[in-house]
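As structure tokens, here come the structures.
Two complexes, one shared chain (chain A), two partners (chain B, chain C).
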Partner chain A sequence: MDRTIKYDGVEGFIARLMDNYDVIAPVPREDRFVFDLLTEPSGAVMEYGTTLLPPVKWIYRNNEPLLKFDLEDIEKTKAVIDVRQQVLLFVHPCDINAINIMDEVLAEEPADENYLAIRRATVIIGYECLTPCREDTLCYDKGCHYADRGYDVIFTDIGSGFYVRVETGRGKEIVGGDPSFRKAVYDDRIALMLRRDEGGLRFGRAVAGEMGKLSHLLKENYDDDIWDVKGERCLSCGACNIVCPTCYCFDTVDEIGSDMREGCRYRRWDGCQLEGFCKVASGENFRDSAAARIRHRVFKKEVYLKKRFGRSGCVGCGRCIDSCMAGISIIDIFNHIMEKRHA
Partner chain B sequence: MRPKIGVFSFTSCEGCQLQVLNLEDELLHLIEQVEFVNFREMMSEKGENYEIAFVEGSITRESEEGDLERIRNKAGILVAFGACAHIGGINVLKNVCPKDMWLTATYGRRDLFSDTIPVKRIKDVVDVDYVLPGCPIDKEEFLRFVQALVLEIEPRLPDYPVCVECRSRGNICLVEQGRWCLGSVTRAGCDAICPTYRDNCTGCRGLTEDPNIKSLFNILLEKGFTREQIESKFGLFNGLEGISGPGSTED
Partner chain C sequence: MSLSAGGYGQNMLPVAATITGIDRLTDKDCVFSIRLSKGGILRFRASQFVILSLFGIGEAPISISSSPLDSEKSFELCIRVVGNLTRAVHRLSVGDKVGIRGPYGNGFPMERIEGRDVVIVAGGLGLAPLRSLIRHVIHERDRYGRVIVLIGAKRPQDILFKEDILLWEANPSIEVHLTVDVAVPPWDKHVGVITKLFRYVDVDSLNAVAAVVGPPIMYRFVVSEILNKGLFEGNIYLSLERRMRCGIGKCGHCQINGIYLCQDGPVLSYMEARKLKEAL
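Showing the complex of A and B:
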């Protein structure tokens, strides 16, 4: 059963959430926003532009412990999963869609048990976008400006407060017993429909052309000049990988304690745009130019993941565009490729 | 057997040696694993029977070259320790100033220390087996490095740029804010400490293996910095890398 909550009821709800969970919410950082562990219920921001790092990084953590070992006794080697009950609060639809992709990709055998366990312990409270949060996004092109699953509950601003759609049993438990919520009535549902209809009209396309043809067009233009043009400019700094909500490549690092016996293996985020990513033991590098690496990133999202999972691996959040100091934009790349069709 | 270590200093502030002493919680464990036989910031004894030499500082006098060669001949493993040893560090600034100018500015007269020579990196004089970069070195990286040697694991430095660590911490990009930063071409391993505290990355850990200097130079030019400004930013630590802007050599 859906609920509503008044604007002034939200802070009390967050305070009660904080009694039972680590609450991770958007908070300001200079003129931008990040998802961070809340220390005060008033710290959370509902109206925010896309965060610097996506919320999924709280499920797929950097420096997360994976394995404990003892150098003198291999029998003591033990896989570890550091699970905390946490809420990701006010997650935008693009990021919910990204978590859906991660859920699917990382559940493939061999499954990423750490991700899956932390994901199961993570409550997702969405916050629906009724207006684009930034200019450089292609969430609408990707159909990711709304999310129809992947959250436990999702808030929508309906003018008199928030409409709260309840998707899961866990979502029902969280809002059902909380005194800030009331059962949604007919008028609330009408307000929700109107708001969502109005909201949809505020979004527009960034890429000209049929997104469904993108994968095919990319394959046809594998040897296009654009990869070299962008490669000249690319710093191979990996920013686009680190900020991407569907980049899941990682390396492992082992750290050994000062007793020189006990140690731990950690997950360390990695990225296909980094020069050393494809370096193998012989010293060979099978993607040794920035051009080849950029092409791989675009193909990974639009061709390879699409082939495996039936949908693009890009949710159009725009973080890779925003984070690129060299000004490389997948919107430009997509538009260029779409134009090739008519050339 | 604990490997015997000597720590030596040439032209530098000796801050990298101090970083080792700053490992206060770890030092007692460390000396169970290795034996320091020569380390002037820490001990009075000056043993010559070291197997691993950590060499700090750059070479700025001819007499230092012979001293360094003697260390190289005794040590099985020689490590360039810190930015001065690794890339020349800020000492290289003197190479680009007229000698009279900096001698007078520093010592008040020109006839002191007249045997000074243009700054050299350790690798310009002897073979270097490993590098621990940074100004100063990262003490945790030192610890991991020594552990690797003791456990006979090949020590590994990050081969990616500072941006990876900076973005992983959720920092706002300084370049995006209109400031200069060399993090995109500088070897990581510092956990992006300077940009995290909103200071520019000056490149103290040296360049990555395949840095796109040309692109970063152009980006900083587009942001409004002059060629001279950008060259001077690179010159602070990487003065021996021969970095110059478009229009100077290639273009």
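Showing the complex of A and C:
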């Protein structure tokens, strides 16, 4: 059963959530927003542009411990998973869709148990977008400005307060027992429909052409000049990888404690755009040009993941465009490829 | 059996193993005999690999050089000093412990090789995984047709597994041909690139398979020679090298277009490999 909540009831709800969970919410940081651990219920903001890093990075964390070992006795080595009960609060639909993709990719056998255990302990409270959060996104092209699953509950602003759609049993527990919510009635649902209809009109396409043909067109244009053109500008800094809500490549790193005996192996984010990503110990670099690396990133999202999982790995959040110091835009690349159909 | 069946936490968990022997092959290469703790048995196929852990330093993928039919108690890893981890491995002694997980990858499809002539082409360190295949084939020699082994190295002193090669040369049931890029006396065998050895390859081409492992540059030239001999593209098996980090198709380093080489390889038929633009 869906619920509603008044604007002034939200802070109390967050305070009660904080009693039971680590609450990770969008908060202002300088002139931008980040997902961070809340210390005050009033710290969370509901209206925010895309955050610097996507919320999934609180599930697929950097420096995630994988193993603990003892150099004196390696028979004692054990796998570890650092699980905390956490809530990701006010997650935008693009980021919810990204988490859905990560769930699918990382559950494929052999599964990533660390991710899955932390994911299971993570409550997701969505916040529906009724207007684009900024320019240079392609969430609408990707159909990811809206999420139909992947959250426990999702808030939508209906003018008089928020409509709260309850999707899971866990979501029902969280809002069902909370005094700020009341049951949604017919008028609330009508208000929700109207709001959504209005909201839908505010979104527009960034890419000209039929997205369903993108994967095919990319394959046809594997050897196109666009990769060299973008490759010449690319700084191979890997920022696009780190901000991407569906990039999950990693490396491992061992650290030894100050006792020089006990240590931990961590997972550390890695990026396919970095120059040495495919370099083997003998010195051979199997993807040694920025052009080939950019192509790989685009193909991974639009061709390889699509073939394996039946859907694109890009949710159109636009973070890679925003973070690129060289001004490389995935929208430009897609538009260029889409034009190729007429060539 | 996979050592680390189950979840990912478990998948990244190496089991402890002990070095039971070290055999120096060249100034850069040693063979380490490894025995798993607690009577563990590594069941593998030729051209599968393990991920070797030195705790505090890290991990590296190493192909298995012994044959699955050699011994259940231990297996062998041929390790060349190329970086931090391998340098540290070379400082270890018999009795020291390491971590092992795997085996990973698909390995050579022995069931598809049975009953056929076999051409094995090893360039440089490529002999490390192919020694596993050669020993496997010799173990059950009557299951295969003609067996021809071509081995290339930079210089005579770089040739790996010289003791094995002497045995193979003395074995009338297989043919072995060696070449080096640069001869150093008293070298009395071939000099030049490995493709020159193909004039000795005389097989029932319609019913022959080839197994090729070597440096990246080698594949194109060798495959072209094999195709000239009339072998089918699907009967030419290449074991490729990439940066295998996790072994479980997640970390992304070994990806060749849409495949994860650690899971879908390292052995690909030429028919598969030539469809992957990044493969060769």
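Assume the second predicted complex is superposed on the first by the 343 of 343 C-alpha atoms of A that agree within 3 Å, B and C clash if a C-alpha of one lies under 4 Å from a C-alpha of the other, contacts with A are read in each partner's own complex, and residues count from 1 in each chain.
In this text, contacts are C-beta pairs under 8 Å (C-beta built on N, C-alpha and C of every residue); 3 or more make two chains touch, one makes a residue touch a chain.
Because the structure is a prediction, the values reported are computed rather than measured.
S.K.: Residues of chain A touched: more by chain B or chain C?
M.R.: Larger number of chain A residues touched: C.
S.K.: Touching A:323, do we find chain B (first), chain C (second), both, or neither?
M.R.: First partner only.
S.K.: Going by the contact rule set out at the top, does A:281 touch chain B (first), chain C (second), both, or neither?
M.R.: In the superposition, A:281 touches chain C alone.
S.K.: Of the two partner chains, chain B (first) and chain C (second), which one does A:52 touch, if any: first, second, both, or neither?
M.R.: Only chain B is touched by A:52; chain C is not.
S.K.: In the overlay, answer first, second, both or neither for which of chain B and chain C A:250 touches.
M.R.: Once the two structures are laid over each other on A, A:250 reaches chain C alone.
S.K.: Examine A:198 and indicate which partner it touches, taking first as chain B and second as chain C; both and neither are also allowed.
M.R.: neither
S.K.: Considering only the touch criterion stated at the top, classify A:232 as touching first (chain B), second (chain C), both, or neither.
M.R.: Only chain B; A:232 stays clear of chain C.
S.K.: Now for A:66: first (chain B), second (chain C), both, or neither, which partner does it touch?
M.R.: Once the two structures are laid over each other on A, A:66 reaches chain C alone.
S.K.: With the two structures laid over each other on chain A, which partner does A:220 touch: chain B (first), chain C (second), both, or neither?
M.R.: After superposition on chain A, A:220 lies in contact with neither partner.
S.K.: Which parts of chain A are touched by chain B and by chain C alike?
M.R.: Chain A residues touching both partners: 71, 256, 279.
S.K.: Okay, in this complex, where on chain C does chain A touch?
M.R.: Interface residues on the chain C side: 6-14, 16, 37, 55-60, 82-83, 85-86, 97-99, 215-216, 241-243, 245-246, 248-253, 255-258, 277-278.
S.K.: Within their complex, state which residues of chain B touch chain A.
M.R.: So the residues of chain B in touch with chain A come to 26, 29-30, 33, 143-144, 147, 150-151, 159-161, 163-164, 167-168, 170-173, 175-176, 183-185, 208-210, 212, 215-216, 218-219.
S.K.: In their complex, what parts of chain A are in touch with chain C?
M.R.: 66-67, 69, 71, 74-75, 77-81, 106, 108, 110-117, 222, 248-254, 256, 263, 265, 270, 272, 277-284, 286-287, 292, 296, 299-300, 303-304, 307-308
S.K.: If we count contacts the way the header does, which residues on chain A are in touch with chain B in the complex?
M.R.: Result: residues 29-32, 34, 51-53, 62, 71, 232-239, 242-243, 255-256, 258-260, 269, 271, 274-276, 279, 290, 323, 325-327 of chain A touch chain B.
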